[in-house]
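Chains: A, B and C, in written order; residue numbering restarts at 1 for each.
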Amino acid sequence: MQLSITTTVNKISKARSAPEASTSLFRQSIRQLRKNKLAVAGFVFILFMFLICFIGPLFSPYADGKINPAQMHQPPSAEHWLGTDLLGRDVLTRLLQAGRISLTVGLASMALSMTIGTLLGITSGYYRGFIDQLIMRIADLLFTIPSLPLLFIMGALMSEWKVPTDYRLYIVMIMLSLIGWPGVARLVRSQMLTLREREYMLAADVLGLRDRRKLFGHLLPNVFPLLIVIGTLSTGGAILSESVLSFFGLGVMPPTPTWGNMIDAANNVIDFEKRPWLWIPPGLAIFLTVIAINIFGDGLRDILDPKQNTSR
Amino acid sequence: MRTYLLRRCLYMLLILFGASILIFFLYSLTPGDYVDNNLNLSDQRKAELREIYGLNKPILERYVIWISNIFQGDFGYSLAQQRPVLDLFQDYIWNSFLLASAATFFTWFFAVIIGVLTAYKQYSLFDTLVMIGIFAAMSIPSFFIGLFLIKLFAVDLKLLPPGGMITTGSRAEGWEYIKDVLHHMILPVAVMVLLGVGSLTRYFRSNMLEVIRQDYVRTARAKGLKERTVLYRHALKNAMLPAITLIGFELPGLFGGSIIIEKIFNWPGIGQLYMSSFTVRDYPLLMGFTMFIAILTVLGTLLSDILYHASDPRVKL
Amino acid sequence: MNSLIEINHLSTHFQTGDGTIKAVDDISFRIREGETVCIVGESGCGKSITAMSIMGLIEGPHGKIAGGQIRFGDKDLLKISKEEMRRIRGNEISMIFQEPMSSLNPVITIGKQIMEPLMLHQQMTKKQAYARAIELIELVGIPRAEQIANSYPHQLSGGMLQRIMIAIAISCGPKLLIADEPTTALDVTIQAQVLETLRKSKEQSNMSIMLITHDLGVVAEMADYVIVMYAGKIVEEGDVVELFERPKHPYTQGLLKSKPIIGQRKDQLYSIPGQVPNPLELTESCYFHDRCENCMTICQTRQPRLMKMDNGQRVACWLYDEEAQHE
């Protein structure tokens, strides 16, 4: 029997010195996300959309939106890649400018509803008792009332009060977030309820940690992945809602273009039949943007919440 | 069970109360009402009408009148149509119901089949294609796809009618009438199914995926049961269970009409009624409709709960 | 005693995003009629996968049986059709699993779940199957059989559920019962009841049992023959008494040393140093070499073969391989 002490010692020391796989959750997530090619494609598209909508118009000679009656209703050509509308404005430029609005409104209303929803959801789930009941009842109330009529009323109110076009944008964002927060609050609250009962929370209790420490140190980091997923996916929904509002003439009004009101403007017999370049591009823009967001958000959900692994 | 139902009903009433207050005061906020907006009336007539309809009374009084009427089954009186709101509902609701029931049926039909199939054949090409399709269905704006399909099938290909419930001016009866309506239903129902099938398929798929991974499915296979038995009796039964709760939530959609679809396809349903009332500010009808949907939503939730408790032996009330 | 089932050079691989995992790596063993064979090893050593491979329950696209044959009677289980294998499952070879609480369908009554294989494999009518189900419930020592048959799984305790699982498994009179860690999820006292039920069933029908466990106490009680697995390979096997008294492989020795003995005073419990190797990073070597205190140069570079010793035991270790002596 040969005993090689040196080799054994070498083995052990090599094992000890090998760096531990201590990549953070963030880096691990990025690595896993990259494997999901569909999600990556979605993300790339979203990035592309943002870039061309915000930067694109800067390169366009038509960015000032000047009315040019001589050029009205031109089909797509070399000068106007997507043709012109009834006032001679370049459709492509307007499409990109509309993208700015639609994307901004979508993101902003999502951010707002997430903030409200998360704060209320955490408060509700953590403190329970009366405040929980109160918040949940209000959320139930908002759920019970159909959202479309509610949005229409708010839209009509804006028209009646003759809100200036610029401010309409902000009001629409607020309106959408008021509709959106109950859903977020419910999800966050149920997550809180589950987390609260976990053993490490009991440990934190035993250690005598203060409420705030428990909330921010332990519970919030665990809610975070859920928030990222909800946030991403609800952005798509917000963009869709904004487009519906604009389509019904109750959201952002012309001349400020949004994808929704561009379609609405073309929703008459002649334009519909004979000038598809007026309404198909904005519709496609909404569709592709939202699908990219959904695919990306789904990829996020796969890696951040392995329990709800719905795609793989 | 008794106490649970009682508590639930009480809670439902409370929520409906709150909803009614919210609805009433929201609609009251919007300035201008039917009388004011009607250009045909002289100022004097307007003042008279306001007296008759009690529009000059203080807001609280109007609310109490409205809500107590509702309790007695009186949803108000439409100013624009000069008929009780409930009667109007009767006329239009069944048109919406027609569309919605067909759409719901087909949506569930396809969602169950496709969802179960893709879960069973996970990772296959079929699965990937379906997933992309699902994403597409969930991301498309309803009005856009409606317009697009109309352009494609009605305008360009001239295969299907562009809108309405029956061919304009048609006096068809009996079977001819039914055929005409069905012909007109194809596009709107197709759009509704397209929009709804995405998320429902996803739901069934993920349920099925989860269930297939369960230990008891492995046991069923280990018992040497036929794969079909394993799938249907063991897996599907469990996967469908939570879906029972969804049935209740379809209730408001079934009778509430889709405002968007009915506008695009010019379908004489209750959604269209709502939109036309909206433009003239016919508040009794608007409030009545909104309240009606709220009641359906609450009932639907209750139905879901009851159905779930009745079907899952593990859940005790 | 005849061989009931012979596993020859079985390999089962899994494809992952990071590479191929050889969960079961070229193992061979056999189980005789009426024999209880225990497969021991740590989590991840491949014992459950071995059982699933025998049952034909390895699922693609990630899992695949990469080679070997399983001789059962006059058939090779790896070559027969899916339909033939399905007829054998639950009928001639059956299996019970670790978590009784989740192994039964929660929305179907106990009785119906017992009746299923009876009606399928034994072609019984509903009435006959029901009567037999009641008999089986009583056989495994559960009183008030009628009531139990009409209950749902969530109404029974873990121990009772596991005994129901046994009832289902033995219902068609199988020649081989595979039990994958049947008592791991149960209390020690219930464990004894379940093992007793297993033993009784075996006695009544001369059934063979393949018992998978990591609990040496269970092995001592139940086994006739023991197979020790590590990282997908068999490292030692032998008669139970011989193995416990004269373990040859350093891993087996380590396992036995780790078991605390009541009444013995020790400052520190022994545990085998190191960890189970990452299945994706295995190299051509003895897989145990980095945890072995007798590690030699050859252990790091070549894999030991399973060699038969004088007393009938088999070990895969260079300590006993003469080839290594000439290094």
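Some observations on this one:
Operating definition for what follows: contacts are C-beta pairs under 8 Å (C-beta built on N, C-alpha and C of every residue); 3 or more make two chains touch, one makes a residue touch a chain.
The model shown is predicted, which means the values in this text are computed figures rather than measured ones.
Of all the chains shown, the one with its CA centroid nearest the global CA centroid is A.
Just count the C-beta contacts per chain pair and the biggest one is A-B.
Computed from the mean C-alpha positions, the centre of subunit A lies at a distance of 25 Å from the centre of subunit B. Rounded to whole angstrom units, the spacing between the C-alpha centres of subunit B and subunit C is 54. Rounded to whole angstrom, the centroid-to-centroid distance between subunit A and subunit C, based on C-alpha atoms, equals 50 Å.
Residues of subunit C that touch subunit B in their complex: 55, 57, 61, 86-91, 94-95, 97, 99, 102-108, 116-117, 120-121, 152, 154, 165, 168. Partner subunit C is touched in their complex by these residues of subunit B: 123, 214-216, 218-227, 229, 233-234, 237-238, 241, 312-314.
Touching subunit B in their complex are the following residues of subunit A: 38, 137, 140-141, 143-146, 148-150, 152-153, 156-157, 160-161, 236, 240, 243-244, 247-248, 260, 263, 267, 272-273, 276, 279-280, 283, 286-287, 290-291, 293-295, 298, 308-311.
Looking at the complex, you find that subunit B touches subunit A at residues 14-16, 18-19, 22-23, 26-27, 29-32, 131-132, 135-136, 138-144, 147-148, 151, 155, 202, 205-206, 209, 252, 256, 259-260, 263, 274, 278, 286, 289-290, 293-294, 297-298.
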